[in-house]
Amino acid sequence: MTNSSDVMIHIENLKKSFGDDNILNGITTDIKKGEVLVILGPSGCGKSTFLRCLNLLEKPNEGHIYLDGVDITDHKTDINIQRQKIMMVFQHFNLFPHKTILENLTIAPIKLKKMSPEKANEKAMALLKRVGLEEKANTYPKQLSGGQKQRVAICRALCMEPEVILFDEPTSALDPEMVGEVLDVMKELAKSGMTMVCVTHEMGFAKEVASRVVFIDEGVIAEDDTPKNVFENPKNQRLQDFLSKIL
Amino acid sequence: MLRKSSNGVRIKAFAVVLMVTTILLTFSACQWDSSAQTKSDVHGAEDLKSATIGVQLGTTGDIYASDYKKDGAIIVEYNKGADAIQALKKSKVDCVVIDEQPAKNFVKQNADLSILDEAFAVEEYAICFAKSNTELRDKVNSALAQIKDNGTLDSIIDSYISGKDNSTYQYISQSNTVPTNGTLTVATNASFEPYEYMENGKICGIDIDVSQAIADILGMELKVTDMEFDSIITAVSSGKADMGVSGITITDERKKNIEFSTPYTAAKQVIIVRNGTSDNNAFLSVDKFKANFLDEGRWQYLAQGLLTTLQITLLAVIMGIVLGFLIAIGRVSCEKTGKYKVLNWILKTYLTIIRGTPTMIQLLIIYYVIFASSSIDKVLVAVIAFGLNSSAYIAEIVRSGIESISEGQFEAGRSLGFTYAQTMRHFILPQAIKNVLPALGNELIVLLKETSISGYIGIMDLTRGGDYIRSRTYDAFLPLIVVALIYLAIVSILSALLGKLERRLKNDDK
Amino acid sequence: MLRKSSNGVRIKAFAVVLMVTTILLTFSACQWDSSAQTKSDVHGAEDLKSATIGVQLGTTGDIYASDYKKDGAIIVEYNKGADAIQALKKSKVDCVVIDEQPAKNFVKQNADLSILDEAFAVEEYAICFAKSNTELRDKVNSALAQIKDNGTLDSIIDSYISGKDNSTYQYISQSNTVPTNGTLTVATNASFEPYEYMENGKICGIDIDVSQAIADILGMELKVTDMEFDSIITAVSSGKADMGVSGITITDERKKNIEFSTPYTAAKQVIIVRNGTSDNNAFLSVDKFKANFLDEGRWQYLAQGLLTTLQITLLAVIMGIVLGFLIAIGRVSCEKTGKYKVLNWILKTYLTIIRGTPTMIQLLIIYYVIFASSSIDKVLVAVIAFGLNSSAYIAEIVRSGIESISEGQFEAGRSLGFTYAQTMRHFILPQAIKNVLPALGNELIVLLKETSISGYIGIMDLTRGGDYIRSRTYDAFLPLIVVALIYLAIVSILSALLGKLERRLKNDDK
Amino acid sequence: MTNSSDVMIHIENLKKSFGDDNILNGITTDIKKGEVLVILGPSGCGKSTFLRCLNLLEKPNEGHIYLDGVDITDHKTDINIQRQKIMMVFQHFNLFPHKTILENLTIAPIKLKKMSPEKANEKAMALLKRVGLEEKANTYPKQLSGGQKQRVAICRALCMEPEVILFDEPTSALDPEMVGEVLDVMKELAKSGMTMVCVTHEMGFAKEVASRVVFIDEGVIAEDDTPKNVFENPKNQRLQDFLSKIL
């Protein structure tokens, strides 16, 4: 068990199957503090499943995940407490349509962190200002464009002051003209030192921001290197095929 | 269940108006070909031989009318006098033989019925004395004449016969002086209500009050002795009693042994017939309206019934919603987690049972089986029955509402660190409720209509209230139609509100 | 109304099994805390003074029990003896005072009840003779002993009291020879059923049969004379009649004037109490089952009721479909063409009324208002009421079915040269029917359940059948549960068939 | 009233409005026997409405339509009889899904023309053979492709032996690879001398087969000429715009 202080998440032999389908076949890796990890892989290879295992939206069949040294796969761990450290941003935003933007941001801190509503509102407004949406605070999600929604979703995650944020194809449900505004927010976040795990097809983002790129194939990590090496000098045959298709 | 017409409230207001017309037309059309209102062929007791005679089961009228069976008369026995009258009005029988007192009431309320002048059977009751005691007889006769003239006799009889329950008249000894002319001993047999009977250990009845009135006039003290009926005459003859007052019918045989006073009352059987005047076209008359709703404050049955109906509906729907939500949440949670298989089975079975059996049966089982031994209020029983019933339907409404919320909402909640229950409460249920509000409103309307079966276990709900008035006024039309109109009005109002709500929710979602 | 579980039939078969368990558990749980089955505190007539006494309204028991009111007893009067018994079982009263004959029946059927040994009140009936006529008295006494011994007396009484309706025994004069010992004149007062009363102009009754039996033994010809009750003793004393037989109670007073035979029968009031044995856990016993369904062929009420229910449902759904289709076609045509505005209004109003009022009210209006004067069969009334009711719901189903067919189908038909009606018939309706079949099936299920209110107008449907058995066996549990199971079974079968149909239609469309 | 023997349909000052919308503003033209008339016009200009007026699927507000000399806009005319002479082929085929292909073809002749079922079947099979679909006779519409459906729809019209067939964009609901097979049938039909009125955007068909092209604009006939003139030398400004867009 690696427990050096700069490791945020330690993943050990993670396996996951749905019925007879083995999706993840033993994944072992460390995610360091402040690292921006980009995960690549063909459709259906298990990228989302991997991400969802990290905050236990899916229960792994085998293996261990240590978050800040705590084994979150242990039955005794209170997963709801651990999840507060590791937020997720979804492809389809999943904002709460019956709550205003501000409420979307503040409900979790208020209810779960017992933050005072005033403080939560202040914090939320600061975050919204950061992504340029402070004037939308009191509107409802349906009044926002896709890009705006995703920026709000990122703010919602940040509001909980997590240690890691997971992104599952955060731009692939967006119209092309909106992709940029979301990526900008993510880039800024990466620069601010946030630990991020991103599943994305935005190679530009990966090249510019990622500190490490992992390629998943057949349920295992088939390549794990710097973006430079991965894009310019891919060793794995499948990765080469994959890159030739999407670049 | 109730799809809404797009034109909404205005159409409905119109509908209510048109409805009355439609029903009236239908009704008139139906009445038209029925030969209900022909004059009876019975004009006297002689005609009974070939008539179909309605009687109340087991009454004197029944016994007397049965004598005509051998002559070819057909006797139809009804449980209630009112039913016999109803049958007479509908020409199902040619006449009704019944006691004079109720007959008068019936005829008062039905202009198309008359009592034949010729009394069918008369029994006159008189006071008896020893053959030798003509002195007392004459005194009593003059006393009788006096109380007949001043109305005392009628008041006494009325208080026992017509207004027994809420009698306002009670004969109270009126002589202020101490009786000075000695004792008047009266023999009676206290088992012939209302003439003489025991109540709270005291002998009372018409005959006793009459005797008291006579004693007052004669200035004597009354002493009543109870004995076997067939001993009374002996007692009077032998002088053990001064007179016998015990509903004694004057017969020739008896006259040989004793003296009779003038009769003080007569129990009469009469024949009611249709008189040929039709009261058909009067079925919306002011009189009818008055009889059905204003007389004796009958509208209160409807008001009270409406309150009960609304009470049952509201409480039941609240119970249904609470239970329904619990069941739905249980079902969804069981299916989602795959755990608690037994709970899931129980819930599923519950739903299958409730939705696979009639509400009526559920009501009966809950009333007669589950709450058989407790003396729980019937309205509460109904609330529980309808609450359980609607809980099953509401559970399925809510379940589909919850399932219509995307899985992503769940994941967003959980990934923020909320527990399953918190996610349900803060994110899933508020959205689900909004989605199912129209369906819940519909369920309220369905339930309101369904509570109309409460009368089966004797609850005075709106339906039963109308039914009750019907059984008093022998008029089915007005009470039922008014009840129907009340239901229609409530349903229309609820539908209109529901439509408004739906439109608002739709606009909200835009 | 009835959403289907995807697992279909297998789940349902399971459900039925589990259901019984669930209901039994619920029921036991409910019974548990009820203090129903404690032993009564009444051990003899003395204890009545401080007891709550159940009686049947207006019976001798009622009158006698009322004597204890002054001592503090509470009298609760029930309309039916059975209701009083039910109340006793549920500890609502401490004991029931009632005639001996029905009491025996009740106790036979309820192991937890007993009749107290101490009779509450006994009236012995005997034959009376003139003081001087001891010779005849002795002869009659020995004749009475003879018919008591050979069972003739019991048979006579039984045939009048317990089995009156379906009596198999009738006393028929057994002497083959012509009576040779002269005439036996009997005085009676033929107005005391079942002892002596007039039927078809003849005097009959227990006393008459007993007299005949005696006359047969004595070899005499019987002659019965009807007279006033209080003249009988005089007639006998004076020798006008040989003996008096008229349900005459032996009293000391009478003994002074006449001779009595040994009593030939006794009318007894008895006290029924709870004996403390519980029959709770026996509610599924073979005996209970036998009593509820096998004795007196009671299952036939269910079978007959089920038939009636199915008959009403089926005929009503047919009527509903026919009317519903007509209304739907009318509505669609009116809206499409924009013509016949009045017809459209009438149809809309009809739908609003039917769907805005409870089925119960519709049933009552149709029974008591529309068909009040015709002697139409009640089942037919129900069919019409439920048919009209379902026609409104079916009309909306069909209308939405028709509207789901694309406008193009209409245009294709019309452009080929078909008339509006032909297009409807050949192209629109066949497709619409296929679309609405599942909804119609559902309506059939809803209707089946809804017919359970038919009992309200006195139809012996399945629900009422169970209710009827309940009123005979004083057991609410078994009859109602079995009725519920029957409904559940039918609904489950229909649901399964419906599911099959839906799957097939879905496959068809692929 | 023109009633020369070679005029099939005489249309006189046809007007149609929906509510306050005047769609057709007085159309007057003759359609001769054997003519193939193609109607062009921008979307929503009333081409379908015009066609539907011809067989009274829409009731004109004003004007007269004479079919073979009979005024079908007259109240006294039995429109169901007249409609049998003037069949329509729809954009969305409108086959009867609950009847087999054969039944789709034969029901109208059997029910309306009192043709014997044998004769109707024979005729239908001959028509199906002509369009190459005889082996589909006993299948149901849902088992056919769009092109096959439209060919069946044409056969259904032909089965009634009409004097005119109206086509309302018969190929625009079809996948491109199926357009050809339907146009081929229409061309063959045109060559066989059938009077046809076609609304279509298939300019190739118009150029090759049409005997006359009509351009409707603002509810009136804005241009009425041979295909050659219309396509090569359009006079109307709107027509020029229209052609420049679709060619």
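As written, the chains take the letters A, B, C and D, and residue 1 is the first residue of each chain.
Everything below uses one rule, namely that contacts are C-beta pairs under 8 Å (C-beta built on N, C-alpha and C of every residue); 3 or more make two chains touch, one makes a residue touch a chain.
Please read all numbers here as calculations on a predicted model, not as lab measurements.
> Mind checking the centre-to-centre distance between chain C and chain D? Centres are C-alpha means, answer in whole Å.
72
> Which positions in chain C touch two or more other chains at once?
In chain C, no residue touches two or more other chains.
> Do you know which chain D residues sit against two or more other chains?
none
> Take each protein chain as a node, join two nodes whenever their chains touch, and name the resulting shape: line, ring, star, complete or other.
Graph shape, chains as nodes and touching pairs as edges: a line.
> Could you list each pair of chains that touch one another?
Here the touching pairs of chains are A-B, B-C, C-D.
> Show which residues of chain B lie in contact with chain C when the two form their complex.
Checking each residue of chain B against chain C gives 1-3, 5, 11-12, 14-15, 18-19, 22-23, 26-27, 30-31, 34, 36, 63, 66-67, 69-70, 90-92, 191, 198, 200-201, 227-233, 251, 253-254, 345-346, 348-350, 352-353, 355-362, 364-365, 368-375, 393, 396, 400, 448-453, 455-456, 463, 466-467, 470, 476-477, 480-481, 483-484, 487-488, 491-492, 495.
> Mind pulling up the chain A residues that touch chain B in the complex?
My answer: residues 55, 57, 80-81, 83-84, 87-88, 90, 92, 94-98, 107-108, 111-112, 142, 156, 160.
> What residues on chain C touch chain D, complex-wise?
406, 408-409, 411-412, 414-419, 422, 426-427, 430-431, 434, 509
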